[in-house]
Structure formats: C-alpha cells, structure tokens
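What follows is a group of structures, each given as structure tokens.
Next come two complexes, and both contain chain A; in the first it sits with chain B, in the second with chain C.
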Partner chain A sequence: MVALTIDGRKVEAGAGSTVLDAALAAGIEIPRLCHHPELTAWGGCRLCLVEVEGQQAPVPSCGLAAAAGMVVITHSEQLEAHRREVLDLLLSDHPLNCVICEKAGACDLQRYAYEFGLSESSHEKEIARKLYQDENAFLVRDHQYCILCTRCVRVCEEIVGASAIEVAQRGFEAFVATPFDAPLVETPCTFCGNCVQVCPTAALVPVDRIGKGREWDLTRTRTVCPYCGTGCGIEVATRGGEIVSVSGYGAPANGEFLCTKGRFGLGFVGHPDRLRRPLIRRDLAYSLGLIDTPPPAALGRSPLGRSPAAGETHVEVDWEIALDLVADRLAAVVKESGPDAFAGIGSALCTNEDNYIFQKLVRGVIGTNNVDLCARV
Partner chain B sequence: MTNSIREIRDTDCILVIGSNTGEAHPVISYEVVRATRRGATLIVIDPRKISLTRHAALHLRPAPGTDHALYLGMLNAIVTRGWLDREFVGGRTEGFEALAAHLEAWAPEVAAAACGVPAEQIVEAARLYALGLRRTAAEGGESAPPRGASTILYGMGITERSNGTELVKTLANLAMVTGQIGRPSTGVNPLRGQVNVQGGCDMGCLPNVYPGYQQVADPAVRAKFARAWAQRQSQAGRELTMPEAPGLTFIEMIRAAADGRIRAMYIMGQNLMMTNPDATLMERAMRSLEFLVVQEIFLTETAQLAHVVLPAASFAEKSGTFTNTERRMQLIRPFARPPGEARPDWAILCEVGRRLGRRLRRPLRWAYGSAAEVMREVAALCSIFGGITHERLETVGLQWPCPSPEHPGTLFLHAEQFSRGRGRFHATSPAPPFEPTDDAYPLVLSTGRILYHYNGGPMTRRAAPLDWREPRAYAEIHPDDAARAGVRDGQACLVSSRRGSIRVQARVGGVVPPGMIYVPFHFREAAANLLTHADGLDAGAKTPEFKFAAVRLERLRAERSGAAGGSHPPPE
Partner chain C sequence: MRSTVKVGTSTCGLATGAEATFRALQEAVSETGLAVSTQRTGCLGACHREPLVEIVVDGAHVLYGPVTADRARPLLEGHFTLHGAPPPPEDWVVSRTPDRRDYAFFAPQVKVTTANCGVIDPLSLEDYLAAGGYEGLRRALAMSPEAVVAAVTDGRLRGRGGAGYPTGLKWKICRSQPDPLKYLVCNADEGDPGAFMDRTLIEGDPHRVLEGMIIAAHGIGARWGYAYVRAEYPLAVKHLEAAIAQARDAGYLGTDILGSGLDFDVIVKEGAGAFVCGEETALMHSIEGRRGTPRMRPPYPAASGLWGHPTNINNVESYASVPSIMTGGAEWFSSLGTSESGGTKTFALAGAIQRTGLVEVPIGVSLRQVIFDVGGGIRDGHSFKAVQIGGPSGGCLPECLLDTPVDYGPLRATGAIMGSGGMVVVDDTTCMVDLARYFLSFTQDESCGKCIPCRIGTRKMLGILTKITRGEGDTADLDRLQQVAHTIHTTSLCGLGQTAPNPVLTTLRYFRDEYAAHIHDRHCPAGTCTALR
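Now for the complex of A and B:
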C-alpha cells in the first residue's frame, strides 16, 4: 500500500495502482473516455489529466503510477478549462443528434457534454469519419460517432485475443479498421461484441438493438447465459417482454465480457416455433378418438430428414388431457413390467430445481434409479 | 473444475488439452489470453490447430487417439529429470513407487514413437508444466525460479474417448506428481460443456447417487430421502421404500429401449437424436418405446418422436439456479413470459408426480410454492449445499462445498487434503480407440462444437445472427485427404462410416492434420451423429467415443451434389 494525497485527502492505494484507480477507489470522480478498468491504460483522450505537485504540466492519471507522498489535484480551474476544450473538440467532430441516437442515455460523451454544459461545439463542425459499415448480422460500425478512444481495439487484442481491428491512418483521417478494410467475417473477429460493450458512444451498436427503444425505456434483468458451462452473468435489456440487447455486467465468472452466443444468441426465446400447448402424436390422438384424421405418413419419416410442418406430427391438447395420459401410461408400464421398465433423462439445460424434482419423480414415485443425463454422452 | 475461472489469468503455465476453448468456452479462453499477455506459457495439446494456438508457446499435435502416450512421456521426463515435487508426493499422495516403476517403460522417445510428437517437445512441455515456468523464465538462463503455478484445462477431447477415465487419471497424475493442485491457479480443470451439466449431476440425475453425491447403495441415505419426500411423515418408514439397485446409464438405457427392456421413457430438455452417438440407433430406440414423453421448448428431432410433448418455459421465463463449471451456483431470473401455456419444468413434474403417485400408491409431497422452496429442500438434504439459499444467491453466486449459512463457498478444492485423504496415483496404459481406421474407412472422424452453434442447434439456429454466420454443415478436411478424394474446398462431399453417411460442405485447410476429418454436430440436415458409434464405451464413465470413428471421404457425383443432407442406411 502507498499513501498519497488527492484533492487534500489522504488516500491509500494498493500496489500497482494508478492515480486514477486510487482516486476512484476513494470515491473521487475524474472524467475519462478512453479508460476501461479491464484494459491497459492508453492515455489518449486527455480528459483524466491531473496536476501533480512538483510537475509542470498536467499528466493523465490513468497511466500514472500512484507513489508514496504524491500530492494530486483532480479538479482546478485550469483542468476544467482543459477538459472543456477536449470535449469541445470532440463535439466538433461528432453528430449531435442525441434525440434519435440509440446510445442516448448511456453515452459517455453525452454525459460529459451535459456535465460541462456543452450543447454544441465552438469550433467549426466537420465530421471526419463518415463510414457506415453494416455488412454483418451482429453489429453496425457507424464511424461518425467514433471518438477514437480505442477501447474496442484494446478489448479485441487484450481480452479476446482476436486482434481483428486496429487504428488505420493518422490524425483527422484515422479510423478503426480491419486489415485491408475487409468485412469482419473475413477477419479473426468472433462477433463476441465486447467491442460494443466497451464502446462509450454509438459507434458500435448491435443490429438487433436499432429502433427497439431508448435506454430509459428498457427493463434490465440480471441472469445467467443459457449456453456453455462457463455460467456468464448476463444483463438482458427488454422492452415489453421483447429482448432488446444483452450485455455483461461484472459477474464473478466473466466480468463484463461475453461471447457471441451469450450476446447475440437469445433470439430463440421469443421465436414463433416455441411450444405453446401440450401435444399428442397424431397416431395416439387418433386411437384415443381425439381426432378423426388417420395418422399421416410423416410419422414414419426420420426426424433428420425434412422438418415437419406445424401440426403435421402432433395435435395440441389441454394440459389436463396430456397430464392424465402421461400418468395413465406410465402407471400402466410400471404396474405391468415393474419400475425398471422405465427410464428418465434429466437435462443439462434445465435448472437445479428442475433436475432435483426430476430425480425425485423417478426415484420416489416410479421407484427406479434409471435416471441419468447427458453428462456422460 | 478443482479451481476457479478467474484464477486462470494469474497462472504461470497453462496446459490446454482436448479443448477448443476459443470456440466451446470462449469466455474462459479470454482468461487464457489474459494470462499469456501477462507472460504465462501456453501449451496446447490437440491434433487440431485450434484458435488458441495463436497464443501458444508450444502446440503438440499427437496423432488422433495416441495422446495417452504423450502424457506418460511427460510423466517419465518429470520423474527421471527431477522436476517432481517431492514434498507434495511424499506428504499428500500414495502409490508413487508403483507409478514410477510403471513409467520406466515410457521414456520420451518411446512416447514420441507412439504419438508422433518429437521427444524434445514432450520433454519441454513436461519441464514448463512441472516447474510452472513463465515465458521469460523458460527462455532466460537465470537461476531456477521457485516453482510457479500450472493449470490443466481439458475438454471433451479427453473424456469422449473409450479410455477417458484412464486419461483423466493420467492428467491427475501429472498434477499430483508436480504438486500443481490444491493451490490457487493450479488444478485439473474439466471445462463442462453445458450451462447446468454440473448442476444436473449435483442434483442426483445420475443412476448411482442422490443429490449431493450421496450413494444410492447406502441404506441410511435412502431412508433419509424416503422420510423427507413422503407425504405423511408417520407412514413414511412403512410405505415408501427407495430402489436399491443402481440404475442404467444413458447409453445402457438406449440399448435397453431398443431391445424392449425399457418400455417407457421421460426425457426432459435433451435432444438425443442430435447429440448422441449413432442417431440410427437412437431413432430405433425411441420408436421401440411404448410410451415416450418429451418435455421441451421446441419440437426437436427427439420431441417429434414422442407420444406426448409437454411445453416447458425456457431459462428466460423462470426462476431457479444453474451451477457452472467452477461449481458456482447462480440465480436465474425471468425476463419474459412463457409462450402460451408453457410452464416451468419443475412445476410440470410436480403435476405428473401428483397424478402418478396416486395411481402407483406412492404419494409424495409436491406442494412447492416456488423454485426457492425446492432449493430449501435440497439444502436440508445435502451437506455440500447446506448453506445455499436463493436469498443468499441474490447478491452473488456461491461455489460448493458450502455447508452452512455463514460459509463463503469454496474457491478451489483439495487445499489441505484430497477428498479421499491421500491422492492415489494410477498406473495407466494407453489403449487403442474402439474403431480403428482401415482400408475401407481410412480417416478418423472427430465431432464437436463450433463457436456459433450449440448442441443439436434448436436454440442457436433460431438466433438469426448466429445462423447467418454459420448456416450450414461442413467438414474440416486436410488438403492431402481432399486431393486424394478429389474434393475441392467449398464443394459438397460425402462422409460415410459403417453406420451412415452425410453430405456436407468441404472446408479444406490446415486445421486438421492429415488423416482426420472434423464435423460439427449442430446441423440436423447433415447430422454428424449418423456417423458416430455407441460401442466401446469408456469402462468407468460409460461415455461414448465421439472423438474417434472410422470414416471415408468421397466426392459427390454431379447429380448428388448441392444441398447438404444425411441418410441412414450406408451407401454401397
């Protein structure tokens, strides 16, 4: 631990902390745009400059190692004027169409502009980057909103390990690009969308989020991704029960990062193919007198051939009919052939509670240990 | 996993074995990437050139099915060159002498001849892993640093094998002989494939154990559950007896169904027509059943065969818990309403339990007000989950063992001692795959996942961006094998085994070594599991060998090319 003074307060910082880390840990807010706690410091946005006693010019606090006895000022008239100028310049190159922007309400640039009272830029307005790339089904790259903070470039290299994007060209011409400006599918991009997650503006937006609602219209629910065994925490943003976007939020297993399935793979939830009512196979329904159309040939076809049309193999019935039928048939088998003529398969996709009740049903009611799940297959 | 996901970033040396982590567990691969950026040494052992090899210091490519020899060669090098942790071996383990004697026959040169990996690479991997050497330490000639932390991450490339249990024991030998277990950032870490495969096992959906791994064979355990489940406590002892014999395992059930010994099945959320080996056998088994109930969210390939299909709520529409690969139980919360009349699985099962209990005169208690109430019952009956409640999980997940309400959960296992006391070394020997290649079927088929899809595909193929990215089945083929068969990159080709054949798009390149074909199993129209076999199960775990089947590759005649597809009877 090292002890330093920030804004007149004695602050303790852990080994390896930066001045920015120490300030944030002490609850002292410093404006910043390119900084991200999980990524290496870049120092490019110049918003987090602080004054350090004994040093002539202000220094970026994100790259400044906290040292014992350091005396730091984070807010002064000079620093505020400097930050205002940085923001003023950023706004001169950024569309101020917040009224229709997908990111409004969650945009870091908008937030700082608000805090500094900047409604427009005092400089001549000129948007440097006008490229709009929507060549894939996952995310849109709308370069006019990009402020070149390089968070996306760093997350892709440092966390994902894909290094699919980099800053191309220099100065006013600079933009975030793939090698040779190829479409993302032709790069090592894994469409994990962690670049979208760390983007402070609307430069990177999920395709499916566009037009689905303002940030403040969304309900956010923290849950667990339904795919692999990593168990990533996800925050699902919905509007009227419909999924708008998925993001990470800082859960134990994954921090705020996700993969392509967790972020872009939940479309199955509201899919029209979802089962809505219990079903009985047509031959059984026919023999029970529930329908008078004889069973179709489709019942004999392999399910790995053509997909059946809706209603081709089964008919919908009420829960009462289905549940009683299940109980009648299972009871008949157990009574005739004993409990070991039954087998149950639980699910690696269902909850602990579901699986607990499943094996209770098999062991407790049917009376067999013929219960397994796909762990071994 | 013995250890936790977040510990990986602080590891000094990582051994990734039989896991395409970047595609099957992408977020865990981010931890590996972070570790390598901090200077950790990454060693990948896999016949395929997986995405993580880009960050690896060493990529060992044993011929498919021969890697067991490689691990024995590493063990030999560790023991003979003095890289073992004598203190750990002496204080925490037993059976080392027998292992050491067994390993004498496995000099790195012998292993190299068996697996095709050069002996120097085997020795180097052994040194880096045993000593936990970071890249700088490995290259620099500086004086020996203290032993670093090494971890083993392994996947289905180890377990979906006819000798998977022996392979896992061999990896445990590696960890124990070097003391690379029981500390942070070490361990033997299986990366489990499905969101709650850990939890399903934890909850006793296994034929030999009750929830919390309590043995079916133990009369006291059976009596405890009988008492807890009985509707009327006073009558419990007299009325409710729990079955004593262990049940059938998955593939045994399928075979029993196919030959009529199993007459009825109840399948919850499992599309075995797509995800299990030998789909033709699966279909025959399902059609042989007098009564099949499938509880599902879609009319999957398996549900299509069911007499009754019960519509379930998905993870998005219910409360409950999932347990991840690091034993962390986490709360899921609903964010949507179930479609139509779909209900949570546990609620459906309670309805069935009530009705069936009346008919079979085995009335149990089914009155749960919520999933949280179910978990309270689990905690009361299982000491390793004793301290877990939904209320506690509201703020953060808990890693079991978590025996009491104050217990913080367990980050890594085996800190002071192993579950059985001293860790036992097992002298293991390689065994050939069940179905070796031959002249008629000269290539090795391995199946598995790809980044954009999941299992039988009912979820991911209905997620538009994912299906846009990978819309069709394909086979990875080495250029030599493609040239021999006259198959060109991007064209449709025919892959056949003794059990069936599928038409897939050829992806010709260097991902697979010569002699190997890799086919993802997500695509119903070209189901890879028409080719795999359900024979030669692992003796311990009864797991099929998805990673090794003999196949042949053929060019398609013009009239047959076009869309991908599959067929049951093998072609002439």
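Now for the complex of A and C:
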C-alpha cells in the first residue's frame, strides 16, 4: 500500500494502482472516456488529466502509477477548462442525435456533455467517419458515433484474443477497421460482442436492440447464463418481458465479459417452440389412459405434407406423471437387462452441479459407469 | 602522380544530375586516357553548388560546382590542361584548399559528425578506417562501460533529435536497469519538411553512425540494435546495410567484437511512411510490428522499451557524435559548444538564402551567423523576414531574435525549439499566416489520431487559419486559435501534438500584424494569399 494525497485527502492505494484507481476507490470521480478497468491504459481521451505536484504539465491519471507521497489535484480551473475544450472538440465530430439515439442515457459522451453543460460544439461541425456497417446478424458498426477510444480494439486483443479490429488510417481519417475492410464474418471475430459492451457511445449496437426502447425503459435482471456449465453471470435487459440485450456485469465466473452464446444466443427464451412442460407420446398417453382418442394411424406419412407439430404427436402432462413414467420404465429395463443396459449422456448446457447430480444418479442409483458428457471432448 | 576525381552522389547530388556527371566523367577519363580514378562520395553540404566534383592531385584539392554532365569533359581537360585546353572558368571553382575554408560557406563551419561526408567513399570500410574510423570504438572498448558513459556525460552531448535530453544520463539510466537484455535504437525516421541531416550522415558516412551505436552498446550493455530508417531514404538504407555487412565481416559487429567480449549486432528496420514514428514510443511500436502510435510515458524506453526490455533510443547525429568524443576527448567535445551543451549541430539550411545546404556549426553560434555568414544572407535582393527553426514542431523567429544562440535553452525561450535541425529562412515574399497554415496542415495530416486534442484540435486550428488566409477571419478567431493551441499544447499525448501549435503561436507572437492585416484590412502584406489579391 502507498499513501498519497488526492484533492487534499489522504488516500491509500494498493500495489500497482494508478492514480485513477486510487481516486475512484476513494470515491473521487475523474472524467474519462477511453479508460476501462479491465483493459490496459490508453491515454487517448485526455479527460483524466490531473495535476501532480512537481510536474509542469498535467498527467493522465489512468497511466500514472500511484506513488508514496504524491500530491494530486483532480479538479482545478485549468483542468476543467482543458476538459471542456477537449469535449468541445469531440462534440464537433459527433452527431448530437441524442433524442433518437439507442445509447441515450447510457452514453459516456452524453453524460460528460451534460456535466459540462455543452449542448453543441463551439467549433465547426465536421463528422470524420460516416461509414455504416451492418453486414452481420449480431452488431451494427455506426462509425459516425465512434470517438476512437479504442476500447473495442483493446477488448478484442486483450480479453478475447481475436484481434479482429484495429485502427486504420491516421489523424482525422482514422477509424476502427477490420483487416482489408473485410466484413466481420471474414475476420477472426467470434461475435462475442464484448466490443459492443465496452463501447461508450452508439458506435457499436446489437442488432436486436435497435428500436426496442430507451435505456431508462429497460429492466435489468442479473442471472446465470443458461448456455453452458461455466455459470457466467449475465445481466439481462428486458422491456415488457422481452429480452432487449445481454451484458456481463463482473460476476465471479466470467468477470465483465461474455461469449457470443450468452450475449446473442438467448433467443430461445421467448421462442414459441420452446419446451416449457413435459410431453409424452400420444400413443403412450392413450395406452396409459391419459387421453381418450387414439393417435392417427400414419402420422409419419401425414397427408399434410409437413412434419407434424408437437401438439399432434405429443400431449402435455404434469411433472409427476412424466417423472413417474421415466422412473418406472428405467427400473424395468434395469431389472430385465441389468444396469449396464443403460447409458446416460449429460449436456454441456447444464450447470456443473446438474451434471454432477446426473452422474451420481447413473452411478449410484442405476449402478452403471456408462455415463458421459458431450463437453468431454 | 595520384589523382582522384570525386563526385558527390548522395540523394541531393543525384537530384541535380550527379549520376550523369559521374558517368560523363568516367567516359571522359577513359577516352582521354587520364591516369585518374573516379570515386563516389557523400555530400559536402554545399547543396547550392551541386553537382559537386572534387579533383585531388597529389594532395592538391580543387572543388568544382555545379558540374553538370556537359561540363564534365571540359572540366577534366581544363584541369589537367589536355590538348592545350583552357582552365575551367573561375566561376566553376568552389574551393582550392583541402579544408575548403576559402569558400565562405565552409569557413565558419566546424565539421565533426559530417567530417567524412563528401570526403570518403561511404561504401568503403578502408576509406573510413583511413580517416581514423573505429579508433573511437577501440578506445571505448579499452575503457569500462561506466567510463564510456561518463565521457559522454562530460562531453555534455544532448539529444540531437531535438528534445536535448542529456545523452549520458539517458545511457546511465538504461545501463542501471537490472534486465540483462537491453536494446539500442537509432532513430533515423527523419521527417521534418526540409530536414535532411540524418539522410546525409547515413548516406555519406554510415560507419560513423554504426561506430557510435557499438560504443553505446558497450556503455549500456545492449545486445541488439535497431536502425529505424524511413523507407523514403532508399540510398541511406542501402549504405547502412552495406556498412553493417562490412562491419560484420571485419569483426566490428557480431560476437566478441574486437576480442573484447562485447556481443552486439544491428538490424535495419525501414519505416512505413508515418511522421509520428519518429516519436520514440511510436517508433518502438512500429519495430514491434504494431500500429505506429505513441503511448504514455512513463515508463520511459530506458526502463521499458522494445518488448518490455530497457531500450536506449538516440538520434543518428547523437550516435555520430560519440566516436569523436572517444577520440577527441570529452573536454575537447564539450569545449566546442556552450556551458549547457557540447559539440556541434548540423542544420539543413534552406529557403530564401544565397547558400543552402547542410551545415555543421558549434552549438552556441548565433542564428545570424548561420544565416548570414554560412548562408550568405537573403538572395535576389529581398530582405530577411523570419527563420523557421525546428520544423513543424518549431517556431518562426523574427530579425530581432537573430542573435539568439543555437542552443536548446535559449531557443526554447523564444517559443521555437532546437529541433532536429531544419532551418528554413523566409524573405518578405512569404506570408507568415500562410506559413503557419502550411506547417499546421502538415501536423494535422501526420497526427496519428490517438488523442483528441491533436486529432481534432489541429484540424480546427487549420480550419481557422485557412479562413483567415481567405480573408474570412474575424478578431475572435485569434483568441480561439490561442485557446485551442493552449489546450493542444498542454493536453496532447506526445511531442507531435504538444509542439504542433508552435508555428502558430510564434507567428502570432512575432508577426501578429500580419494576422491583423488579413482580418481587418482583408489584405495579405506579402501578397501570397491568392484570395486577397
């Protein structure tokens, strides 16, 4: 631990902390746009500049290691003037479409414009990047909103390891590009969408989120991703019971980030074909006396010319009946042919705990080692 | 009788037709049957008289220029009085002495780093050795690394790339790092408009730069060196690579250099055309194969540079000064300059003066001496208006500041900087607003785009300046310029952005009346802004 003074307060910082870390931990806010706690410091936005005693020019606090005895000022007339000027410059290169923007309410630039009372740029308006790319099913890249903070580039390289994007060109013409401007599907992009999650503006937006409501209309629920056994914590934003978007929130298993399934793969949750109750075959249900009418004789060769729907081949029953039926049948097989006649395959979509219980059932209750899991490969 | 005809075939010479001159001389020699050898050399610096041809007969030197191809035959015949030919016209003669001090351009100069340029064959290791080459390395290897670093410190060598950081201190910091793997980088990504010091040095005397790097490697304990040369300097790359191959063969590079136990080798890395890669952290990213953008410092390269290892980065001219410190001694070297900084500085003298070229003067001489004594003053009867020193990072200084010594501190005090050595003189036909606009258009174009003040701020400044040169400016624009300039200067990430407003700030300071004329009178005093004619 090192002790330093920030804005006249004695602050303790852990080893390896930056001045920004130390300030935030002490509840001292410093404006910042390119910083992300999970990514390496970039130092591009110049908003987090602070004054350090003994140094002539302001220093970016995101890249400044906290040192013992350091005396730091995070807010001064000079610093505020520079921050305002930098934001003023940035706003000249940003469409102020906040009234219709998907990101309104969750946009870092909008937040600072509000805090500094900037409704428009005092400079000549000139949007550097006008490219709009929506060639894939997952995310839209609307470059006019990009502020070149490169959080997306860094998350792709440092967290995902895909390095599918990098800044191309330079200066005012610089933009975040794929190799040779190829569509994202032709790059190492895995469509995990972590770039979308870290984007501070509306430059990266999930396709499914567009037009689904303002940020303040959304209800956020923290839950566990149903897609695999890792148990990632996800925060699901919904509106009227419909999923609008999914993001990570800093859960123990996965930290801030998600894979493509957790983020973009939850469409099944509200899908009409989703199984919500146990179903048993109609012929079985009839033979058990659960229904009065027998199933049609030749369903497989249906004159409908289509596959029969679940309601035509199966009937819904309650859990008790379904489980009793399975238990009876299993017991009969084991009695007749021995436990090794049975084999169980678990699913990678189940949690580790569920799969553990499943193998316990197969080994301990049924009495066979014939148990496997599709994720064993 | 031993006779040699030397032709300066550096890039500057080639641009004026030196290749044709060289071939014409070779032809003329074979046709006339003269017993003379023809030789290519680098650049003597007197670019205004190129193509330059020097004829040396038994130690008697005559330097001629400009010698275009059609003058080759008459020159040879005249010089050697063949078939009763008349001697070459007197206005072809530049100098008749070995030190060339009878020509006013050379008289005030003190050649240390450029001593061999235009004198030896840059592709000949023997020539370099005959001129005392690698003697500095021998002496350095006989000294302890600490003593080598101390000598550079005592010589008061400061970074010639422009910032002027004490070279010895930089070496000492790098040397003190515990990491056993250290790198050395030679920054030859010279990009300032009008600057060609590094190019001339590498093209004309590549072994000197290498020797300086090897001495530095000994002082610091570096195992590998990179020479980062801009790709627009193909001849410099070629000469440096040839010198490296020769040095390897001769045991000056490789393992156990000259039996001293020192292992060191140099790799040439060509730049890819970005001005910002001259900034040391961007340069390192480029060597590592990453996008050439600067990063925050600290950590400084001396602590964490290439691939996270301690790295010492110096400019070409800094390294080229080192062998002379070893041979001449730190005391002699420091006595060449001022109490602040020792040695000499090369400048690429260009613009509206009589004698343009590459000049080397002791640090501390005045701008006036460089421009008027070496450069011969303003040409075509015009009058001096300003000198732009330090390239796009530098500033424009008026006549009243001409007695400023060329030294890091005094130049900084004026709002300009020493810079890498670009010195452009302008006369009364140049509009200072337009000049500032030109330099800003350069930095705006070369900004990497990483930080907001440089990416957007320089763009906005350029917009305001363009407006003023079109006669559409108003008084508020000047305040706005100053305000944005202040933020760019204070908040930009790297030196490119921090110094980008300098040409505007210095012209606003020293030539404000010209801005006022554009705004209030809708008049361009120099008459160059076309919209205001």
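Methods note: the second predicted complex is superposed on the first by the 275 of 377 C-alpha atoms of A that agree within 3 Å, B and C clash if a C-alpha of one lies under 4 Å from a C-alpha of the other, contacts with A are read in each partner's own complex, and residues count from 1 in each chain.
Convention: a contact is a pair of C-beta atoms (placed from the backbone, for glycine too) under 8 Å apart; a residue touches a chain by one contact, two chains touch by 3 or more.
For clarity, every value in this text was computed on a predicted model and none was experimentally measured.
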item: Contacts of A:A41 with chain B and chain C, given as first, second, both or neither; value: second
item: More chain A residues in contact [chain B versus chain C]; value: B
item: Contacts of A:P58 with chain B and chain C, given as first, second, both or neither; value: second
item: Contacts of A:A309 with chain B and chain C, given as first, second, both or neither; value: neither
item: Touched partner set for A:T219, first chain B, second chain C, both or neither; value: first
item: First, second, both or neither for A:C259, with chain B first and chain C second; value: first
item: First, second, both or neither for A:E166, with chain B first and chain C second; value: second
item: Chain B versus chain C as contact partner of A:H123, first or second or both or neither; value: second
item: Interface residues of chain A shared between complexes with chain B and chain C; value: none
item: Complex contacts: residues of chain A adjacent to chain B; value: 136-138, 158-161, 185, 188, 190-192, 207-208, 219, 221-233, 236, 238, 241-243, 251-254, 257-262, 264-271, 273-281, 284, 302-305, 307-308, 313-314, 319, 322-331, 333-335, 337, 339-377
item: Contacting residues of chain C [partner chain A, same complex]; value: 274, 276, 291, 293, 295-296, 298, 444-453, 455-460, 463, 483-484, 487, 490-493
item: Chain A residues touching chain C - in the complex, by the definition given at the top; value: 41-46, 49, 57-58, 60, 63, 65, 81-82, 85-86, 89-90, 92-93, 123-124, 126, 147-148, 150, 166-167, 169-174
